[in-house]
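There's a structure below that I have some questions on.
A, B, C and D are the chain letters, set down in written order, and residue numbers restart from 1 in every chain.
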Amino acid sequence: MTIALQDTPFDPGVLLAFFSRGRTETGAIVTFTGIARADGGKSEVLELEAYPGFTEGEIRRIAEEARVRFSLHDLMVIHRVGKIKPGAPIVFVATAAGHRREAFEAADFLMDYLKSKAPFWKKEHGPAGEKWIEPTERDHADVARWDG
Amino acid sequence: MTIALQDTPFDPGVLLAFFSRGRTETGAIVTFTGIARADGGKSEVLELEAYPGFTEGEIRRIAEEARVRFSLHDLMVIHRVGKIKPGAPIVFVATAAGHRREAFEAADFLMDYLKSKAPFWKKEHGPAGEKWIEPTERDHADVARWDG
Amino acid sequence: MAKVLLFGPLRDIAGWREKDVRANTVAELKAALTAEDAALGAALNGKGVQVAIDQRIMRNDTGLRANAEVAFLPPMSGG
Amino acid sequence: MAKVLLFGPLRDIAGWREKDVRANTVAELKAALTAEDAALGAALNGKGVQVAIDQRIMRNDTGLRANAEVAFLPPMSGG
């Protein structure tokens, strides 16, 4: 299980190559890559703040829950922090399971958590100044699917 | 949109690197990689037969349906044919969309189709001989989720 | 003359994969194949076997153009 | 002495990110910060602000060990 924050860009292909290598006992690998949309150059620089140590710890706690709940063989979460240019990847999640349903659901579950509840504080830097962002209604609805 | 059959091994990381490169207007990329489980060396060699031209055409038809239904920006399906060694990737699906829900659902939808209805004929080669394989009950139940 | 293609288990039953057969309709073509090989004939009429003419699944016997490609597709297993 | 950490909007309100404050409980610590900066004090008691002591979210004021790390966490936005 790999959980890491990093303040430099990453290539999702390199991460999948690393995650999938030699994984001969896994039937299914799902990855999710979240990208800061460029919106044709109109998009603003995103800044993500984490609480080093605490943020990884909280993600690891949910990752462990996902590992058990979905019988995962392995999982990886790589999350950018700091200033992120439009068009750059923000987050990469990979899940490995015996069958595809578990791999899909675990990646979906982890992303719902990461996008709505994970300990990050998000700011947009634009020509009109800076703005702190909160999760959208859709993010809240997505994460509520997994309760009960 | 890339739909291809190939009779040689592929590296899912290389495919994701290719699929994600320069994709600055996409918010979400989901990939699925299906692997022939090695089962600790007990697994049998899998042989997949396709009807060249027809098989890609049928996959392209469903891929086009997924593109419209889930508002995809792009998608890729790479499928092995011929004899596949235990531990080797069999199928790679990638979907690109504005938001994660669409990217997840499209990949899930495409995989349910590919695993249960796509024009392939599957044979296992083992010490006890050869055996043609049909889709499992679970595959049928999975694909039925998308009807109506 | 039609080019007949067999897939999956049908190929194992017939012992061949591709063969030219003289026929103007799918019915004629099946009759010709059954005359040669009764086991194959039964299998071609088996549950779930579909017929593709020139790479399109056909529900009815529409007749065959010259050099049509006629494929017999047993139930597909998925990948 | 406690090491206070501010995150997200709290950091912008305060104009700092990290500061040592003399306090034996979270209540004392908040009182000290409010005395210095009323706007920050109000923000620390704002809706959804959680307190982590030594990287663990605490619902109650348990008192602070020497050199405790006290983090004020406004509502998290997700990544």
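A few comments on the model shown:
Basically, a contact is a pair of C-beta atoms (placed from the backbone, for glycine too) under 8 Å apart; a residue touches a chain by one contact, two chains touch by 3 or more.
Predicted model only: the values in this text are computed from it and were never measured.
Number of steps on the shortest path from chain A to chain C, with steps defined by chain touch: 2. Averaging C-alpha coordinates per chain places the centre of chain B 27 Å away from that of chain C. Measuring from the averaged C-alpha position of chain C to that of chain D gives a distance of 76 Å. For the pair chain A and chain B, the distance between C-alpha centroids works out to 23 Å.
One inter-chain figure worth recording: chain B and chain D are separated by 50 Å, centre to centre, where each centre is the mean of the chain's CA atoms.
In chain B, 34, 115 are the positions where the chain touches two or more neighbouring chains simultaneously. Across the assembly, chain D contributes no residue that touches 2 or more other chains. All chain pairs in contact, by the document's touch criterion: A-B, A-D, B-C. Residues of chain B touching chain C in their complex: 34, 48-49, 51, 53-54, 57, 79-80, 90-91, 114-123, 130, 132-135, 139. Considering their complex, residues 5, 7-9, 11-12, 52, 55, 71, 73-79 of chain C touch chain B. Within the complex formed with chain B, the residues of chain A that make contact are 11-21, 23-35, 37-40, 86-87, 89, 98-101, 103-104, 107-108, 111, 115, 138, 142.
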